[in-house]
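Multiple structures are listed underneath, in structure tokens.
What follows is subunit A paired twice: with subunit B in the first complex and subunit C in the second.
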Partner chain A sequence: MAFCEYKNVRIAGVAAGVPRTIASNLTLSAERGEISADYTPEQFVELTGVKERRYSDVLTTSDLGFAAALRLLADLGWEKSDVEAIIFVSQTADYALPATACILQDRLGLSKECFAMDIVLGCSGWVYGLSVAAAMASSGQFKKILLVAGDAKRRAPQKFDPLFGCAATATAVEYAERSDGFRFHVGTDGSGYDAIIIPDSGSRNQVKPESFEMHDWEGRPYHNMMTHMKGMDVFSFGITTAPKTIKKLAEHYAFDYLSYDYYLFHQANMKMNNMIVKKLKLDPAKVPSEMYNFGNTSSASIPLLMVTQIRDQINGQNKKFLCCGFGVGLSWGTVVFEQAIKVSPLVEVDDSDVNYGYKLPEGDLSNV
Partner chain B sequence: MSNKEKLIDIFVTTFGLTPAEAEGAVFKNTPAWDSVGHVNLMNAIEEGFGISLEPDDILDCKSFAQAETMIAKY
Partner chain C sequence: MEINEFIDNLAAQFDETSADQLKPETEFRKLDEWSSLIALSIIAMADEEYGVTLKGDDIKGATTVQDLFDVVNAKKA
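Up next is the complex of A and B:
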């Protein structure tokens, strides 16, 4: 069953954390292999819509999510001891194991009586994570849940990735009697698993020296620890799937999808998103974009829109939202809700703010 | 200007081809026809012909000949 509805649950607030460092795409070089030789940097910006993005080779997704969650807890006045579950949605976990949600439980000072788990999804991840949190909270068995979603520092150095930015978001989900809650449509097509893939570093293809050997991929040098994307397949998937999932949800629950205040779409590529808007005949003024300044931030992109693009218009005000995420998996999800959400200001994190993580024991490691 | 001439113009402008190359253009043999090029082509066809293409037609259009057949449907 791809449709689900959960009542008596709402989003209390959202926050987002990004690295303070801005990387400009206007200085990209084809000679250095940073963009395809087919484009100048200006053409790349014009074609993709990504002029700059936030970048750090130090801060992990959990570092940014930690900063966002701290801010959100403070702004909502939630006691840490009241948070009964934390869900971490990301493809850039701190470690292969343990789950990053466990690390965040401790780092945030949440109760040890806390449900904690990771969900490994990308562009559809916030919608999926929200559906899990909503299902848990709607019965009232979990009263307060933190959903941390985003992607940042990669598993291997990947300095030039001009479409993607680093960001993590925190979403506070709570049990709320008489709230209309959420309506979801979600779907999956694993036959397209290799349309967006990092070939090496899982157990199927373990990391080996050859994983870092460069090869040509769509006109740019890549190694097998980098994200490989079949552009045409991803474009085809995006422009067909997003309109279909939105229309399916509207048809299933018999509502007019044109009646919403804001349409928050995963930020994949400006041209692709413009075509989706055109296909659905939406008013572009109701479809904010953050591609220009933040790029594609994976599962952070939808709540990041709330924080960076429409905070003044929605903060604490009752609004109707239609949100749609689609991408790696292939996986997609749409959710609609009408709620007043508290939106925290953007949290910018310095590389020097991080002093956390596993350290090798000192001394003789020759027998380790 | 006929629909075919208009379509040739769009291929020439979008992909930097000669008119003769445009008529024989196929996705896999045209370097500028990548995913972004495809979006630009579809947008140019919609604007040039004043039509709104269905997503499935956009997916299926992989050559000049297919684009010509597609436009004839609208």
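Up next is the complex of A and C:
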């Protein structure tokens, strides 16, 4: 049973960065292959709840995460030299290698005495990343940790999927004596590895010219560098797994899951999330949604809710949170905590703020 | 589990198709109103009403209303 509890640790603050550019889903076209011919744009918006999303074909996840982290450090008054670890949770790394966390360590000006690593998870990623950061900080051996989580520009050009938006978040995790900390339940079912998958560009199926050939996928033209989702399987996974992990956590630690102030769920699609709320008999007023304006932002979705939907209600105030992420892997996690979190205002990033500092050197690389 | 009750639950997922129009032999994909949206609603209905987790292949492998009923019934047992 994958339960864990970490005390003496808390979230000091959260921030989020998104591209300034807004892409509307009301102009989607089946002829252009942007949605299935099964839907009108209005029906797509109704089903998924995604009317618009933030998009950039220039800014990477680390560009957005960099902007969010800078804002968070400034708002918290954290010295860069005090940050002892940076964890980057994403499926859209800057490079195949090195780890993007290493790039952010330098770009943010953090000390070289810094633990840095990437975690490759999506919808469950923020909960997983938080569990790692909490484990590291709860003993006091790491005092201040930055957790950067999100997804943005993909590794190959594609017609951007209208369900997904670009965003990256920064979460400041710190050692805090006498804090009640966090309780987690996490789980994995790798038998569903192909329910959400980019088939090519890993070492199993290396990139080749055919990787970019278009084929039909659930009524839309796709190439093998795009995210293939078995919609029905993911839907049934979400509506069964999310309620189960929440109930398991509540049962294991003997608490009433209905007693929380806010339920922050991964923003998968509106139909799925409404079903989860109904099954758990939650008060919808306590379950904020951002899908209408930001779409599914992968591992950024949960902290992005704090920044864009409930900032005024929670900023600096003690509140009880239940957060649940579920999706690609298949992977899921739930965390509960009662804390006063400082929430920075949303950071909107211009395309001109792209980081060109880590371009590949030109010319012969054979001696590099 | 009765097929008539299942048909009532199935019809509730459609806007313009009534239970009278759904027979065990009805090929549901041929209904004018059929779409992948309704497939998701059927998955939700099976979960809610019968505690059954349907996967995409369960829906794709069914042709008639009877087939759907059979797969839900088999998973319920």
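Here, the second predicted complex is superposed on the first by the 355 of 368 C-alpha atoms of A that agree within 3 Å, B and C clash if a C-alpha of one lies under 4 Å from a C-alpha of the other, contacts with A are read in each partner's own complex, and residues count from 1 in each chain.
The rule is short, and it goes like this: a contact is a pair of C-beta atoms (placed from the backbone, for glycine too) under 8 Å apart; a residue touches a chain by one contact, two chains touch by 3 or more.
Treat the numbers as computed from the prediction; the structure is a model and nothing was measured.
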Contacts of A:38 with subunit B and subunit C, given as first, second, both or neither: both
Which superposed partner A:236 touches (first subunit B, second subunit C, both, neither): both
Which of subunit B and subunit C A:72 touches, first, second, both or neither: neither
Partner chain in contact with A:48 - subunit B first, subunit C second, else both or neither: first
Those residues of subunit A which subunit B touches in one complex and subunit C touches in the other: 38, 47, 218, 231-232, 235-236, 239-240, 271, 275, 279
Subunit B partner contacts - residues on subunit A that touch it in the complex: 38, 47-48, 218, 231-232, 234-236, 239-240, 243-244, 269, 271-272, 274-275, 278-279
Partner subunit C, residues of subunit A touching it in the complex: 36, 38-39, 43, 47, 218-219, 230-233, 235-236, 239-240, 271, 275, 279
Subunit C - residues contacting subunit A, complex: 35-37, 39-40, 43-44, 47-48, 53-56, 59
Footprint of subunit A on subunit B - complex, ascending: 27, 31-32, 34-36, 38-40, 42-43, 46, 52, 55-56, 58-59
